[in-house]
Amino acid sequence: MGGQIAEAYRAHNKVSKQVAMKRAVEMLDLVGIPNPQRRANSYPHEFSGGMRQRAMIALGLVNNPKLLIADEPTTALDVTVQAQILDLVNDLQKEFGSAVILITHDLAVVAETADDILVMYAGRGVEKGSAKEVLAQPSHPYTYGLLQSLPSHSEDLEELKAIKGTPPSLLNLPSGCSFHPRCEFKTQVEGDACWTVLPEWRPTPGLSNREIRCHLTDPVATLQHDEGVR
Amino acid sequence: MSDKTLLKVTDLQRHFPFREVQGLKMVKATVKAVDGISFTVKEGQTLGLVGESGCGKSTTSRLVTRLDEPTGGTVEFEGRDITHLKEHELREIRRNVQMIFQDPYSSLNPRQTVGAILTTPLRVHGLHKGKEKARVQELLALVGLNPEHINRYPSEFSGGQRQRIGIARALAVEPKLIIADEPVSALDVSIQAQVMNLLAKLRNELDLAFIFVAHDLGVVRHFCDQVAVMYLGKIVEYGDKKKIYEAPEHPYTQALLSAAPDINVARGIAPKERIRLVGDVPSPIDPPSGCRFRTRCWKAQDICAQQEPPLVSATSEESTRTFREGGVHLQACHFPEVKTDLVAEVEHSA
Amino acid sequence: MLTYILRRSALALSVIMATLVSAFLLFFAGPSDPAQAMCPETKCNPARLEAITKSIGLDKPLIEQFLTYFKGLFVGRDFVYAGDTVHCGAPCLGFSFVTRRSVNEELFTRFPNTVVLALMAAVVFVTVGVTFGILAAVRRGSASDRGLVGASQVLGSIPYYVLALLVALYPVILWNVLPQYSAISAGVGPYFMGMLAPALILGLVTSASYVRYTRNSMIETLSMDYIRTARSKGISERTVLFKHGFRAAMSPIATILGLDIAALLTGTLITEQIFGVDGIGRRGLAALRSFDLPVIMGTVLIGAVVVVVMNLVVDIAYSFIDPRVRLS
Amino acid sequence: MPEPSAATLIEESEETSSTTPPEHQEVRTGRSPGQVAWARLKRDKVAIICSAIILFFLLVAIFAPFLVSLEAVDPITGAKADPSTVHTELVDFNGLPTVGASSAHWLGVEPRLGRDLFARWAYGARPSLIIGFVAAFASTIVGVALGLVGGYLGGATDKVISWIIDFFLSLPILLLVLAIIPIMQKRIAAGNDLTPEQTSAIRFWVLIVILVVFGWMGLARLVRGEVKSLREREFVQAARAIGVPTRSILFREILPNLVGPIIVSASIAVPAYITYEATLSYLGAGLVEPTASWGRTIADAQNLFATYPLWLWPSVIGLSLLVLALSLLGDSIRDAFDPTSRR
């Protein structure tokens, strides 16, 4: 494991193998791997899932990157270990000052870790803004539906509010707005724009620092109190 | 929901023996996947089994359905001991206890049409003789699929639709108890809710009892009446959903609940105080002595290493006894944390 | 790890023992009559036949013959031949009925020729197979990739002995492009030159499967997540290909290589026969014609031991290369 | 059991399925994985050319008597050609033929015995094809049966079967087969004096049996491994949970999932057995006179390859082309079942 980290360090720093290895041990220590000196000589399969993810983070940070991309870093982990890893990413981000792109399907993880959010559907972004605001006041029907379908959100309801239908095949995207076949708000848009016109990014009416790709004139956040929606 | 006990599991064990080499010696070791757990499920009741990977919850579901043979303890279904029945003696049980699997891709035979998959249980149990096709279409409609799709292969369905087929297969024999092993964890978030709604609807309309195995605390909270929290092959806390979620007594349950990220943070609700566990779950080959959670527990003291805490009520002997007859809240910790106000409230209401 | 080795060794030993017993039963209890084969048709009479039978020990009970043979394998045994007592040390494979020499001498003097042929062929198929395999993998989908894969498929599909025969007949015998086999006693240079034709054809045909193995293994490795990780570290593509890709892609190849060398050691029979190389395969074939049972037995045993031992070595070596195997 | 109101649920289903556009649904009408592979195979040019070549040889083998009857009457012997009649009047005292390729003997006659070479070539396709297909079929059945049993039952049965596989795989098979065939033949003949035709027939069947006995291991090992992993798959667990009997699980749930590997393995086995038969015949343990066989012809003809290549080459080309076509078709079939294996 140490060798792999050292290799990444040496690719960008002209140092000897020993120096690079020392750096690797430092990094393993930094990400909270106990006994890093010995662990640096272990193979990946001898690490537990959480330790392996820590080592990957060490590998990612060894050259002090300005940007770290974490693709579903905790999906394969248990909740208690996920919490450890997310804490670690947060701490290290402060220490290194790197920007982090966190790719995840788990909205709760975003809520606890991210500053900004970009919600994607069928290959395109549909809503962006500050994470807190978007999750508190979703303005795109998809973001709204996603939040509604979480059991923790509607814990006392008999029935979850599911988004109907299934995500489309990327080979055969629906015309117009990709989300329209599943959208429950499309009746609120006049004409057939949802079926025919791909919406462009535009500022969300009534909300600052927010953009959506949707034909709705009012954001869902204000519509959701409307009795006639569902 | 009636009061009739459907399934009673007592001191269930599943040890996997294997041989291991230590130095020059060959040592016989066991993986204690499930190590003495007890619970009951009543007619129409839903029990949630929660825990992290490797805690034995999937093994438990395989033991209860008798896909695996327990190495100790008993499983009783409607008062009949089914622990060591032979395959041909299990027919009746197989009709009454069905399973829904986690992976919608590997749980359906890719070489059979949906019709064939759903006809198999009918044929095996001789149900709806001569009218199998009509019944299969009825089942498809029941789980919200187009009955015309009877001749399609599983590969032509999406993950959520496949999971519906798996549910239809379990329902085909009209069971009383369904064991659902992580039924939605392989699905997209937006599809999870659809399948959860379907399960809830079926449960209510068909008066089914469920054992619902999951690692997602939110899903369990939504769906279950009773919850059993498992750690390393043991149940560490057991009780009504409300108690487990609102007044967890076992440190592990507390840590588990607090570790789950909370979306409400985005709504300005202050984040819960975090309990951060150190390290990973220990290996079930050589679990810690005494209390198995002690290696990661902030409350651990000497007694935890020496004595294994029993699963009892933290508040009174009395409720321990009432639990055996279907009571409320048990935990296995030497130092449980009892929220007295809530206990009073519960005891008052009970 | 140690138990793993011990268990594999015990298994290997059981296979060799089973080969020994079944081969012995097959040959010595079978209906073939080596005495008859050795009795010249024109001058054969019952008395002479009986004398031959007795002299090669076929008149004794089967179990005694087996025990003698078995004892010979472990402690050696003595033979009486033409009044002299000849000692045959362990592992004694017996005494040829036909040439009246010990089987060990018959086979072990020829074994080096087989080894040289197999190793020369191995050099050919490893270099050719791995080089072209990597080339095809790196240029995946191009015309040269398709050409290489197609050529390897065609070469590997035509019956081997036909190819070998055509090479032996035309370039070697008819056109003299390549020299014929000559024994090492005729000089080291001519010996190796003579091995060239059989080693080349054997190596080239075997390389056909290596091109495809290497290509597939390499392609599979290059699509792994850790290769992506290596690329994301910013190290050069060459380092990615060779240090990370090649090394991982080679470990399955190394496994097959060990087994294939074992297979070559026992499977050069056709090559030896066609090119006249004086190896154990050719000797075994000759023994078959004269029902020279001890030599056949010896060849079968050597073949089985080579395969079993190589299997064992490969398994153990693999458990060192890939640390994950040890756990299972 | 009370039935839920299906109507409300159907409503939900309509919502669910209406999202798939209609044209998309038409493309996806029930095709099993086997049918998908077949469709792919039909588009593969190599596979079509190979099938044509194989068909050609099948026709030659089936209609060999008819093809031979097309040859003209020989002016010297005054007889029609056939594969087994010896005509010493057509060779000189050195054994070399006195007649070349002609309308009566399209490929000339055999040195020494003067038999018609075209007839021997056409009839020679028969044993190759029969042995290839019969042995492949039989060894597939043996391999699948043992692999299924070992893989599904596990435990001691599996250990024994694995050991037998290991044992057979470590034998020097070619040498052993070479030794066993004459021994088996003698045992069956049991000291009786047999005509060459009888001996030849015994050889033929002994050869097939031996090829099967030493040829089933690869597939058995493959099937065993596959069954072991399929057994743990959830759909097999589901079948068990439903109470499907073991036999049905093996034959209705597991076996259909192995059709791909089994067909691929069988299609690769056919050319392998044909090659094996030819090799054994060449080395002297295969088919014997008077059966016409390409392997034997090549062995006999190699001594006169320079002076009389017409004897050697038709069999070399026939054998190589047939085996090549069968192998490449096998590769194409494998690609059809697993398109990732080539590209």
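Read from first to last, the chains carry the letters A, B, C and D; within each, the first residue is number 1.
Here is the rule we go by: contacts are C-beta pairs under 8 Å (C-beta built on N, C-alpha and C of every residue); 3 or more make two chains touch, one makes a residue touch a chain.
Just so it is clear, the model here is predicted, and its values are computed rather than measured.
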Exercise. When the contacting C-beta pairs are counted for A-C and for B-D, which pair yields the higher total?
Worked result: B-D
Problem set entry | Middle chain, criterion being Cα centroid separation | D
Exercise. Between chain A and chain D, what's the gap in Å when you average each chain's C-alpha atoms?
Worked result: 55
Seminar exercise, completed: CA centroids of chain B and chain D: separation to the nearest Å works out as 51
Exercise. Just curious, how far off is chain B from chain A if you go by their C-alpha centres, in Å?
Worked result: 29
Seminar exercise, completed: The positions of chain C in contact with two or more other chains are none
For this session: Could you list which residues of chain A touch at least two other chains?
Result: 164, 166, 182
For this session: Two or more other chains in contact with one residue: find those residues in chain B.
Result: 161, 194, 201
Exercise. Across the complex, what residues on chain B touch chain A?
Worked result: 52-53, 158, 160-161, 188-194, 196-197, 200-201, 215-219, 221-223, 255-256, 258-268, 271, 274, 276-278, 280-281
Problem set entry | In the complex with chain B, residue positions of chain A that touch it | 48-51, 78-84, 86-87, 105-109, 111-113, 131-132, 134-136, 145-155, 158-164, 166-167, 182
Problem set entry | In the complex, chain A residues that touch chain C | 7-8, 11-12, 43, 45-46, 56, 59, 63
Seminar exercise, completed: So, in the complex, the side of chain D touching chain C is made of residues 163, 166-167, 169-172, 174-176, 178-180, 182-183, 186-187, 190-191, 271, 274-275, 278-279, 282-285, 298, 302, 305-306, 316, 319-320, 323-324, 327-328, 331, 341-343
Exercise. What residues on chain C touch chain D, complex-wise?
Worked result: 11, 14-15, 18-19, 23, 26-27, 30-32, 141, 149, 153-154, 156-162, 165-166, 169, 173-174, 216, 266-267, 269-270, 273, 281, 284-285, 288-289, 296, 299-300, 303-304, 307-308, 311
